[in-house]
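Okay, so chain A shows up in both of these, paired with chain B first and chain C after.
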Partner chain A sequence: MKNRKMSLHALLGFLVLALGAPALRAESDPLVLLRDTVDTIVERLFPDGVAADPASAMPEVRRLVEERFDFSVISRRAIGRGWNRLSEAQQVRYTTLFADLLMHTYTDRLTGLRRPQFEWGGVQELGRDRVEIDSTILYEGERYAVVYRLVRMGGDWQVYDLVIEGVSLVGNFRSQFTSVLDRRGPEAFIQTLEDRVAAQKAGS
Partner chain B sequence: MRLRYFWVLIPSILVLAGCATAPRNSPASLESPAAAHGQEARAFLASFDDDEWDDDFLFGDDLDDGPPVRDPFEGLNRAIFDFNGLVYEAAFVPVSRIYGAIMPDEVRRVIRNFFGNLRSPITAANHALQGDLTNSGRTLQRFALNSTVGVLGLARPSDNHPVLSQVPSTDMGETFARWGIRDTPFLMLPLLGPSTVSDAIGSFGDRFFHPATYILSTEENLYFSVAEVTNGSVELMRDYGAIVRSSIDPYAALRDGYIQFRRARLERPATEPEPPGPVVREPDL
Partner chain C sequence: MRKLKIETLVGLFVLVGLVAIAYLSIKIGGARFFGGDHYELQARFTNVGGLNRGADVRIGGVSIGQVTEVRLDHETFAAMVRFRVPVGLELEDDTIASIRTSGLIGDRFISLSPGGSGIVLAPGDILFDTESAIELESLISRFAFGSVED
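This part shows the complex of A and B:
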């Protein structure tokens, strides 16, 4: 009986390899894709356990992030319906400034950090072509829940939001952008973004 | 401390999470924003006409954000936020720099453990008030272990026991919310930062479960709180600065972060199930 089961195992294993392999390629699994990206990024950012010099690590890290994070969706969702209140020129300006804002915010924050550890959780379907991937970051004895939200676009999985301990990155930006748009209008909104990015560049 | 100020850690976690730079499909080279006005940016914008950019996908989260944040005191709250910023710059930032230079990270962590451990009775009492006796009991076990084997809470031997180390923290503001008192108006407290009416009343009530309230005199309690805040000030000021530098409306960013964080805690199941033991069995065919 046991031998028969083992034969079945072997046969099934062979069938999976022979017939199922194309469908089981790593590229189709959002968890594998995300984990590989994050592992590689963290390896570049913290090569010896401590933060690398941002100037030397960033070019490659940026390339890696660009593969997996969909900025077009992130920037568009970050402004929500406010998008329609901007003129075409303002929309172009906004998308560029938002990219600058994100980059400057997170490149000067590495100093003094140590390499975190990751635990990966399950994948939940959010709907057609959208999933949520749970993870935990262990850092200095504390555990932080980080949820990655991914969408499949053009056959590839892309991150479009991060939810950190319940706080959505995109939602947080949207609350700021809506607040400034409502109180001061589109022109002042763009100007405030420009001032903030200029101040970041001056400070770095 | 971790609870109240968690939102300011978010920039650090973002870096740790791997979102360390501007992501893909940027309309132009980030080194030359002026180029964004070119052809590439227009092609990028045109992509929004695709069918897959439907409203549900782009704005679905707008609809799921829950009830709007109540901020009837926004004018006053913003004034207090500005005042806090001045005090942070004038007093907290210099103190945190000096303290951070004197105290090695490891020492600060040990001191943080000490203060955190003393808050365990608050967590245990509130789990009990929420009807979660399992987590209340686990918190007390952790308190007992860390206070004895961990030498007054300086070390955290409980970290070696997942059942104990993963007990969620809680407080009276959360207890009120689980009793149905939720979505009270947002408040920006002088020096202490973001809160809500029910969370602020809850923090006052939580003092009655803190051992220091009964062991120390009123004056000593003040020094105790100053010491706790000073020890956490290095991370707090670093992250406060990051929030201000990265936001076009830091007040709105803090308000949203605080409210999202507090709401998410209420969605957590009251008690985490016991982690399953290893299961060794041959699969049936």
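This part shows the complex of A and C:
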């Protein structure tokens, strides 16, 4: 059971990486662009169908992500109202740390996992410049429902949230961040993130 | 003359009775005729898990409003929920609305997690960032099927 749980975590971590990728061009179909981006990252992380050494692939994945993605969108959403409590310098530090946190969290857990299969569902338009894309991930006989939420900002499509089995990634981080911010204040919150990222780097 | 007086009194008595009944109905039913102190927002969910009209809307566990309508969108089969929040409570467009349960088998309510995008929602706006109800039954069945393979 523990192995299964770990696998699931790793899979979710992998999704987070995929989340980072698509700052998609405006004219194109968001589904096609999202699929291509996810495929590219999957190819990097699971060469020959197995994640043999994800840690070494990580710098390249990160480069791919940062070439096309603005982490400020998701990081700002993840902190919610707390954003206004941070000073400008703290906002910059927080954005970098949040990106680090997302990229590092599950790297080790991917090791040895097989490549998951993807099924893409339809694109639902939710009004102006906003779409939701349904997908299913098949991994070791299990199906996981994943919904990508995208918004068009300044001509580019950006993924701003992932809903995995009904749980929102941004919502999950927001409740944790709000709780730490309320209890300990902005500076201690940034310090907590720094410690967490440092521990992850040391561990990997 | 005397007959007229009695009839007037009876009329007044009936009128007072009617006003009292109307007052009670409004108080007990929670109906509001003047929307001055509240405004309405909408949220779109894939599954509301039996959320009902009159259910609480909470922020940080504090009840701030009520659900006024739950209906099915016949085109997308999404559940559209209309709810009321107090005027003066500014919610931004990245607010997340989640369907939660009070206690293990308690009532469903909507929990709002306020955002910080800087774009304030206007009355009637729709929240798309939602978390649908998580059904205990489906979690249990997933767990049960999963354990067969282990």
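One rule holds in what follows: the second predicted complex is superposed on the first by the 163 of 204 C-alpha atoms of A that agree within 3 Å, B and C clash if a C-alpha of one lies under 4 Å from a C-alpha of the other, contacts with A are read in each partner's own complex, and residues count from 1 in each chain.
Convention: contacts are C-beta pairs under 8 Å (C-beta built on N, C-alpha and C of every residue); 3 or more make two chains touch, one makes a residue touch a chain.
This structure is a prediction, so every number in the text was calculated from the model and none was measured.
In this superposed model built on chain A, chain B and chain C take up the same space, so to speak, and clash. By the document's definition of touching, of the two partners only chain B reaches A:Val159; chain C does not. Of the two partner chains placed by superposition, only chain C is touched by A:Glu132; chain B is not.
Contacts of A:Thr105 after superposition: chain B is touched, whereas chain C is not reached.
In the superposition on chain A, contact is made by A:Val65 with chain B only, not with chain C. Contacts of A:Ser28 after superposition: neither chain B nor chain C is touched. Residue contacts after overlaying the shared chain place A:Gln90 against neither chain B nor chain C. In the superposition on chain A, A:Ser168 makes contact with both chain B and chain C. Touched residues of chain A, counted separately for chain B and chain C, are more numerous for B. Among the listed stretches 63-71, 81-89, 99-107 or 207-215 of chain B, only 63-71 clashes with chain C once the two complexes are superposed.
Residues 76-77, 80-81, 130, 140-142, 161, 163, 165-168, 170-171, 174-175, 178 of chain A touch chain B in one complex and chain C in the other. Against chain A, the residues of chain B that register as touching in their complex are 2, 6-7, 9-28, 30, 33, 36-37, 41-42, 44-45, 47-48, 52-53, 57-59, 61-62, 65, 109, 113, 156, 159, 165-166, 242, 245-249, 251-253, 255-257, 260-261, 263-265, 267, 282, 285. Against chain C, the residues of chain A that register as touching in their complex are 1, 3-4, 76-77, 79-84, 124, 126-127, 130, 132, 140-142, 149, 161, 163, 165-168, 170-171, 174-175, 178.
Those residues of chain A that touch chain B in the complex are listed here as 5, 8-9, 37-38, 41-42, 45, 58, 61-62, 65-74, 76-77, 80-81, 88-89, 91-93, 95-97, 99-107, 109-110, 113, 116, 130, 135, 137, 139-144, 146, 148, 151, 153, 158-159, 161-172, 174-180, 189, 192-193, 196, 199-200, 203. Every residue of chain C that touches chain A in the complex is listed here, in rising order: 44, 47, 76, 92, 94, 96, 98, 113-117, 126, 128-129, 131-134, 142, 146-147, 149-150.
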